[in-house]
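Pasting in a structure now, in structure tokens, and then I'll have a few things to ask.
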Amino acid sequence: MIFTSDNAAGIAPELLAAIAKASEGAAPAYGADPWSERVEALVRELFEAPEARVFLVATGTAANALALASLCPPWSAIYGHERSHIERDECGAPEFYSGAKLTLIGGDQARISPEGLRARIRIGTSGGVHQVGNGALSISQATELGSLYSLEDLRTLTTIAHEAGMGVHMDGTRFANALARTGASPAEMSWRAGADILCLGATKNGAMAAEAVILFDPARAEEFERRRKRGGHLFSKMRFVAAQMEAWLTDGLWLRLASHANGMAERLAEGLRARGVPVLNELGANILFAEITYGLHRRLTAAGARYYIEPPSQSETGPEHAPLTIRLVCSHETTEAEVDALLRAFGGG
Amino acid sequence: MIFTSDNAAGIAPELLAAIAKASEGAAPAYGADPWSERVEALVRELFEAPEARVFLVATGTAANALALASLCPPWSAIYGHERSHIERDECGAPEFYSGAKLTLIGGDQARISPEGLRARIRIGTSGGVHQVGNGALSISQATELGSLYSLEDLRTLTTIAHEAGMGVHMDGTRFANALARTGASPAEMSWRAGADILCLGATKNGAMAAEAVILFDPARAEEFERRRKRGGHLFSKMRFVAAQMEAWLTDGLWLRLASHANGMAERLAEGLRARGVPVLNELGANILFAEITYGLHRRLTAAGARYYIEPPSQSETGPEHAPLTIRLVCSHETTEAEVDALLRAFGGG
Amino acid sequence: MIFTSDNAAGIAPELLAAIAKASEGAAPAYGADPWSERVEALVRELFEAPEARVFLVATGTAANALALASLCPPWSAIYGHERSHIERDECGAPEFYSGAKLTLIGGDQARISPEGLRARIRIGTSGGVHQVGNGALSISQATELGSLYSLEDLRTLTTIAHEAGMGVHMDGTRFANALARTGASPAEMSWRAGADILCLGATKNGAMAAEAVILFDPARAEEFERRRKRGGHLFSKMRFVAAQMEAWLTDGLWLRLASHANGMAERLAEGLRARGVPVLNELGANILFAEITYGLHRRLTAAGARYYIEPPSQSETGPEHAPLTIRLVCSHETTEAEVDALLRAFGGG
Amino acid sequence: MIFTSDNAAGIAPELLAAIAKASEGAAPAYGADPWSERVEALVRELFEAPEARVFLVATGTAANALALASLCPPWSAIYGHERSHIERDECGAPEFYSGAKLTLIGGDQARISPEGLRARIRIGTSGGVHQVGNGALSISQATELGSLYSLEDLRTLTTIAHEAGMGVHMDGTRFANALARTGASPAEMSWRAGADILCLGATKNGAMAAEAVILFDPARAEEFERRRKRGGHLFSKMRFVAAQMEAWLTDGLWLRLASHANGMAERLAEGLRARGVPVLNELGANILFAEITYGLHRRLTAAGARYYIEPPSQSETGPEHAPLTIRLVCSHETTEAEVDALLRAFGGG
């Protein structure tokens, strides 16, 4: 009953097979291999973006940090949500790579509010050289709380950003989950909605370690390549990252894996609601936040359930009936049996 | 009627004379001069800190940024107030020099609230390597809103910081004003209240360009010196910065200049209150915030009054009776006549 | 006939199997998995270093840059050879991570000369704050030219470094090849010879992407972990990097793979010498430099041989009989048949 | 008998008077003052560059580091001479500000050789993303050894740089001395000779602390201003830096001061040659290198002469007749009497 994170799961069999197959024989290093070339072609086709450039890295933190560094100068602000991954979980990597200042905006369900964004842009504009300027907007789709922006939400925010002269970064660690949930096309949810760079994550959805940074504006490619190398993120045997990404994007596997994870989260949510356990978030992807008591927490843990309390700054122990917020994440490997076992551990039902 | 800032003022005559006198004859460069030596001795005596090391720079931004860089590693958080100078007015210099992440805390009158600090420290502690750790606490005395921390306030905050393993930086751009207002001793308001590094500013209080960074722990000196040089802040003709600082600290001049500026702000505040103009801040130093109407603003400007609207992200124009917040700053050069002229421009009284 | 680099080879079957096996079931993320634990235990045993801490990353550039950053402050010099990988092939990553200044030293066969090192240390010592101080020494074993330092050479250099207060980084991208060539023990060639941090590379010797950074002084561990995360080099599914490293280090596989690659390079060298082709370097590992004519180069290329000219700043075309230096690298996958085919393409023999 | 450096001298009376005069009354801060405006106008006129933008800072290190940062991205190389100030005397400031890699080139008399530059550019071009690209060329006029580039030398180097897509930085710490020596016009020796940014130093030639960074391409201005603030180099009371620069540039004072210093160095050189003391450098400015014995060094020191041994990595003591290289610098304040006193201390004559 492992619901800690979708990165606790293994590698999807199709990707494992692709790695093994790619290992047959020699191949050019550093991305000059046929797998990398095919991945770029695949992404261009799937995203209806024939000019896009695609660069692979192996962690989401590297993808986000490098993308942001390519969008804004060191003397500028990156506007992101208070509960974004770039703020909470990357140990300052976006600032390290970009030199820019992560500036936080609030908003319901981890979604940036347009008013909040406009207010911060006014501050960035009015301060002259005394204040960092408007640099880039960073949006997560799905968000860290598992919610989604509507396509209209996205366009509203990206229009504000573009009008202020900023580029838009989309953290798409769970972009496939968002697509699977909404049925939107990849293009609709990315560049047509105003994203300039999309970090498309496969690692949390079946890969071993593979993230595609999609530059919809090819003019940013040269800078990005230099930054990637300089950050130590250019793999010599890049074909093995590319082979994962190719298999993942082929024949809709990415969406099937995401759809499965989403479905397991829905099954869990329904079961929890049926047991009267409050589900706190909109279910946009494969992540679920629930409010339980410390007493139940102890019983779940004793029964072998694994998950995180969120935020981790909550006290880890508390009185029997005191409320505690927990996060439950389903993956491409989560089974109905596991979900049902967890629900039984919650009791009732 | 210049009330824009205390940095619109000139050089106090004593400091100008000291610069001229220091120019007679050759002297060793880069701080190996007798003026620099005497400044260190003076600071040690005035602050009752015989081991302290004192380094001079020429801007407050350099002082703050270098001090913070010496207190914490790049993978940590600097906790500061939302309305602090390091956040609002230094274009990311603290982050540039330290590599650390400026993390904001709220609190009334630009004073960091102990609860807010504790809450952020819990987040910094709970995140493991995924989050920047607890790095340093930055306190401004006086604050950017012209208010003061009591000595007890300071001890409460610095104790929290020290218990979390953090060093404490005090931005003392207007430290002399705070001393003059409260009568506390330099030692009481700095290291005895828990400050590890004090950036003691003279520029806004009579100097041409002179700031002393006081390291109460001499072990930080070597790193600081290297950082200063590497930042381009080691003056070759350092004697001229030192000569200003020496004159400023001699025979209580620093406190007399500050006391004058504070007194002018009080006179102004009394006059405004007498005219029914709301003064918004506690008067801890030489800065005053007032709420006026846009109509009055236009009349004051037409009459030759100069000041900033604050925050500058407010709209610069508005309806006759709509409220506008303005900032008025007095300096060591402000005269009673100027204050009274401004009050007359406000009308009434 | 691919002799471009050992990173053109695939994954050794044992490592591929280990990745597949590690994918069975869920596991804790970010290195809190049993594979990572076992790798640390294995390294400690093999290197007779029970206190060492071991951190995994996926590229050699990341390993080197993070290791160097942990050894020296930003205002210091990293002393390395003019033809080292950190100077020539990492696009400034060591400087990006450390902030330090890569300062070059000459010496035969890409080995740092003790005299050169001493001379640079004198400069670093004499400059006061005007010059970067002595930061760290970086040694490659084997070197970029495929040569080796003797154990005595290493001790001489590391003693000079330690006496100047510097830590020692060993770039061990081809450390296994050096061990296999000399029969020295891992401990003898690393910490007993004065290395403080060893970057032990598996990627060029059978792995998909796996490098172990071995900190012989565990006090550096906390900083290293933070830097790794902040650089985006902490894998969520770390078990797959660890599984490669575990398989590689188990039952001497690393040395067998290295020994094979070394043997192929020897076979090639013998064949070249027999054909009168000058081999330019000492054969310490699996790399060979040869001098050929542009005419021969064209015939080899036409015959399907692949290799790099070195340095790449040489003209890529030239007169029939003009000399050209080329680099030939054998890998764990190179076969006798391939070597013999290449030799036939050279003609004669 | 102070011949250590031109920065051991005081402030020229005209500049001191300008500071005092500028202190009368209030003025806008941060460079929005009339002095700053007049300086820009003066520079534009003197340099026949009506579009140039001029920014003031207070140290040469800040000027050079900020200028270089504005010319090249972090993943590139700055080409400079092995004995340049940016390499030897700025503790890594150029790298800190730019993120770029200082890459050294040799050449006689501290002048970069065109062949050396071309060779490095070939390396920068051939390495792809594995190597830092060609970033910027940095030339010192006069050089650190007191020699000069001819206008033709300058054009040769800057043409090579421009053809490789690089901008050109000119370190003009002693640019006035070079003008005074050669009679070239400011335009001829700067932008007409291919410089894109000139750091024009007044500090070593009569100022207290004033350096003008002249951007011949105004498009770089916005970035420069942000970088200056972010580095802590924007003075609040900027008028006092500007007032120095204005006085210095007015009525040819800068050239008169430089001419005096140059003349004193010539007088000293003639005296030394007459005494058989070898003068090692071309006399392009106010710096002179001489070879003496350790015995003479001890006698000169005992007689009160002050100067530096150069390079400082030379042993500070040695046998009576062993040779030692020393550096002697004359300033705007050096008198004939001082020069003659020093010559007498040399004996003979």
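Per-chain numbering from 1; labels A, B, C and D assigned in written order.
One rule holds for everything that comes next: a residue touches a chain if its C-beta (ideal position, glycine included) is under 8 Å from a C-beta of that chain, and two chains touch if they have at least 3 such contacts.
For clarity, every value in this text was computed on a predicted model and none was experimentally measured.
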Measuring centre to centre with C-alpha atoms, which chain is farthest from chain A?
D
Report which of A-D and C-D is connected by more C-beta pairs in contact.
C-D
For chain A and chain C, what's the span in angstrom between their mean Cα positions?
34
Centroid distance [mean C-alpha coordinates] between chain D and chain C, Å
41
Could you give the separation in Å between the centres of chain A and chain D, each centre being the mean of its C-alpha atoms?
51
For chain A, write out the residues touching at least two other chains, lowest number first.
74-75, 90-92, 96, 129-130, 226, 229-230, 234
Which residues of chain C touch chain A in their complex?
2, 4-5, 7-11, 16, 19-20, 22-29, 57-63, 65-66, 90-93, 96-97, 203-204, 208-209, 226, 229-237, 240-241, 333
Spell out the part of chain B that touches chain C in their complex, as residue ranges.
30, 73-75, 129-130, 133, 223, 225-230, 234
For chain D, which residues are in contact with chain C within the complex?
74-75, 88-92, 95-96, 99-102, 104, 119, 122-123, 125-127, 129-132, 311-313
